[in-house]
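Got some structures for you, see below.
You will see two complexes here that share chain A, one where it goes with chain B and one where it goes with chain C.
== the complex of A and B ==
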């Protein structure tokens, strides 16, 4: 009796997992297929002929490439700024004692919960008062404002696991607070810092809401793709998507292999 | 390396409304192996943290050598602390751990490495210098912690129950090693423990602490043979404890009218006739016989005989009380279980003290009368 219900729930679970994976990856697969179809606008149902032509066409999309470069330009500032802010906030929140900590925590976490649109608009409205027009600069500020909360949470989680006697031992042996931080705390936090930097990069790179409202006349890859999607566009965008999927896959394969070697 | 004296002048500690350490005066001599012994929560670790500078006294001052430590942060005190969990640095090799204090002081790498290697030799870890901490055994980690603390040439080494994580054999071995290192270096050791065996075997002097107060400071022998409070008598070693009222005091001998009859023992200072008192007599001074030689004796029935190896542990009942006697094998051989027996003890081997708080030993020394 019991084994029967077990196997039935196993079947249910497998069906659910299958549907979930389909839901996640079917759109991705369709996008990839359309990149190799000569039909434009991109389609899988209207299959004309297999082609690689859309890939070289990418090089001719000057505006798209410019926007892609903007995405990287923004990330180059947003990632270190978010990690530094998050690191400082995490240390402050874990070391500070007293009731102020809870208020400060709520305050620092609030940008994460604020709608991206609000953040974007608030940023341009604020900076307009100082004569700063909406551009990459305002986008960097607006993105950093909420992305910094994620490194803060990741680094806090690790800091809370730290043996506080490690730092006391270092101090006791004569370490200055700076030396202690560089030699003991930072190496301990390094894994959390690396993963929060990766997360911050992805969040900055794929952000749309905040970016579209704070960037003014400029563009990033996401805002540009959204703009093109509204018009009839060519499968060049699908080709770019394929490249991203390939790069992501490559990194995860390398990561998995490295994990294997370490064992 | 030379040790310095540590002087506590009316030092107290508070956590909110809770007084962890009552105002305490304490002088630890330069180059001494000094232990603070007490049950958990007695305030011994708090004293250690105040000396090392991680906690500010609520009142009083601490002096190390000629220098008052008030306002001196932990990283500028001539002390080194060995933590209960050792707090070794997991991302560094053995020699980098040991050289950490020197690195913090800006000593160059060649010099650091040379000093570290000397200490590695001192603590018998040669060949292990490149290993990571998690590749070491418990005893080896212990040695790294000692070497790391000694590397900064402290005048005072503070040890917070560093042996508690080790198994018995290793613990006994490390006791001897710590004692030897202390003698070789001449550094003042202040050792915190709840393990009386550790305190008694290693120390020049021991302070016994309870409820944030030092009850007695003395050599190991004096603590064992001449406890000054009921707490010390019941916490250090085993004791049979009998309650009663003092009926006479003569020539330093007090007579106690106890639940088991009239018994005599050495009088503790400040004991007066008529007060409620306790008589303490250690299991190893009790004699068991069919015909007692003196009137300082109690009729008993044997309950259990446990062979402990070096001695034989007798559990005996007298009225509602249970008594314990440790007999040598020779003394044990002549005892006939089936006859009525007596225990007796020399008057000088027992001590009579005014009643006071006893250590919590699980209630085996005492019946459920209070």
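== the complex of A and C ==
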């Protein structure tokens, strides 16, 4: 009797999960399907002809390509800056003790918990005092302010698992602190640094809410997508969406398979 | 600090401290401080100083026109005043000697007026500089309509958070405690993909559903409640409900992963033991799983609320200008349309305060500390 009710609740749970996954995938699937339909505005219900014509059209979007280049320009600065700041903060927070550390910690994770638009606005308001107008530079600063928190948390998690005796032993054997950091601490942290750099790149590249408030008259890929998506509804953006979905799918599957394989 | 120097040496320690100091001071604290400061400076657009500045502007332009006319002959001039209605009139072909004299006289008079206004502007500026510059007028100046918009935004964000919590707890539970490793891996990937796809693309995808000839209206047409050919369709973008649905869709997965992460650290044997001892399912959740998962639930709620309340992308793309502006759009307009940064800063700071209040409330409700939050 008891097992019967349990299995019934399991069935209900499975049905619910199935519906949830459907809800998450349905809009994306519709967007992908519409990208292969010759109808414009994009539609899945008004099916005209199966076509790949919308994809080459992306290459003709000069403005979009210029904005894409800006996205990379921003990321080139945001990624190293965030990793460096995150690494420094992780080391300080792991090695320092006392109440002050908790306060520092609260301040350093606060940008993660702040709405993105507020960060963007605060940055342009601050830099206007020095005559710096909103542009790529302010976007780099606004993005770094909150993206750096993620490397900090990732690197901190790894630092906490470090065997401290290893460092002390190296020092006892006469290693200089700089040598110790370069030959023991950094190699130990390398996996965390690599994954936090990847995360920082994704967060910078995909960011919209902070960017649109801090970039002024310039654009990134995301601000341009939003501008076009608001104005019109064209299958060219759907084609871009297909690329986004495909790349994400590829990386997720590779990531999952690698994780399974490591087990 | 001593410990730190012992291990890494003072050059590296100084370097790390400098990095953190820069991050803290220039990227986090100073911008927020300056935004708060600006929000406390009320810019009165109807006061005498602003009017004087505007008047001066008009006079300078007027004088410039007259000087041009004096030198090159009037484009079309009557009594020194430009009249665009008379461009083709023969009366404005040439300036006589008398006309020139009159124009010179008027330029001198304008010059005098400008001088007296400049003195007044100087005086007003001095008075303003002596006045205490701070007030809360930017905060109290919020009109009823804007206050209503703010309330609506907060209510929507709370609703999104509650819906997300109700839907994600079972999902996280199934993912963490009710499935084998393979099923977990597949489900995890299935949820990770929509989570990682660009936010704008996920929002944009909904246009296919809500469009005039989109999925919803086509389905209605099949049932007979709409007619696509004659455009007798429902304009879904008009309803605030569309924003709610897309907000839920866009930010719901920020609730799943934190809950899953903490729930996955629970030892399943603990649940088994409770069940063997005869505890009912709801009791196992209430006494074992939920207490263990609290930090994850708290993080999920905070992230979802913050993202939903501060979302500019969803209303920007989904409303298509067919609904009253959302609070984030109002803030955007204050900065980039009507260019009143002081008021915009006040609105922005209000949003920040609401998020801080929400975080404090969540921490009090779930009894978690900040250290437990971000892990």
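Just so we're on the same page, the second predicted complex is superposed on the first by the 248 of 263 C-alpha atoms of A that agree within 3 Å, B and C clash if a C-alpha of one lies under 4 Å from a C-alpha of the other, contacts with A are read in each partner's own complex, and residues count from 1 in each chain.
We take it that contacts are C-beta pairs under 8 Å (C-beta built on N, C-alpha and C of every residue); 3 or more make two chains touch, one makes a residue touch a chain.
For clarity, every value in this text was computed on a predicted model and none was experimentally measured.
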| item | value |
| --- | --- |
| Partners on chain A (chain B, chain C) - clash or fit | fit |
| Touched partner set for A:132, first chain B, second chain C, both or neither | neither |
| Broader residue contact with chain A after superposition on the shared chain, chain B or chain C | C |
| Which superposed partner A:163 touches (first chain B, second chain C, both, neither) | first |
| Partner chain in contact with A:174 - chain B first, chain C second, else both or neither | first |
| Touching partner for A:91 - first (chain B), second (chain C), both, neither | second |
| Which superposed partner A:187 touches (first chain B, second chain C, both, neither) | first |
| Angle at the Cα centre of chain A, taken between the Cα centres of chain B and chain C once the superposition is applied, in steps of 10 degrees | 120 |
| Least C-alpha distance (whole Å) that remains between chain C and chain B when both complexes are overlaid | 8 |
| Contact residues of chain A, present in both the chain B and the chain C interface | 168, 171, 176 |
| Complex contacts: residues of chain C adjacent to chain A | 1, 3-4, 6-9, 11-12, 15-17, 19-20, 22-24, 26-32, 34-35, 38, 167, 170-171, 173-174, 178, 181, 185, 187-194, 196-209, 211, 213-215, 218, 249, 252-253, 281, 302-303, 306-307, 309-313, 316-317, 320, 328, 331-332, 335, 341, 344-345, 348-349, 351-352, 355, 359, 370-371, 373-375 |
| Chain B-touching residues of chain A, taken from the complex the two chains share | 163, 165-166, 168-176, 179, 183-184, 187-188 |
| Residues of chain A touching chain C in the complex | 6, 9-10, 13-14, 16-17, 20-21, 23-25, 27-28, 30-31, 34, 41-46, 84-85, 87-89, 91-92, 95-96, 102, 104-119, 121-126, 128-129, 141, 144-145, 148-149, 153, 157, 167-168, 171, 176-178, 180-181, 185, 202, 206, 208-209, 212-213, 222, 225-226, 229-230, 233, 237, 240-241, 244-245, 248-249, 251-253, 255-256, 259-260, 263 |
| In the complex, chain B residues that touch chain A | 52-54, 73-76, 79-81, 83, 85, 87-89, 91, 100-101, 103-105, 148-149, 151-152 |
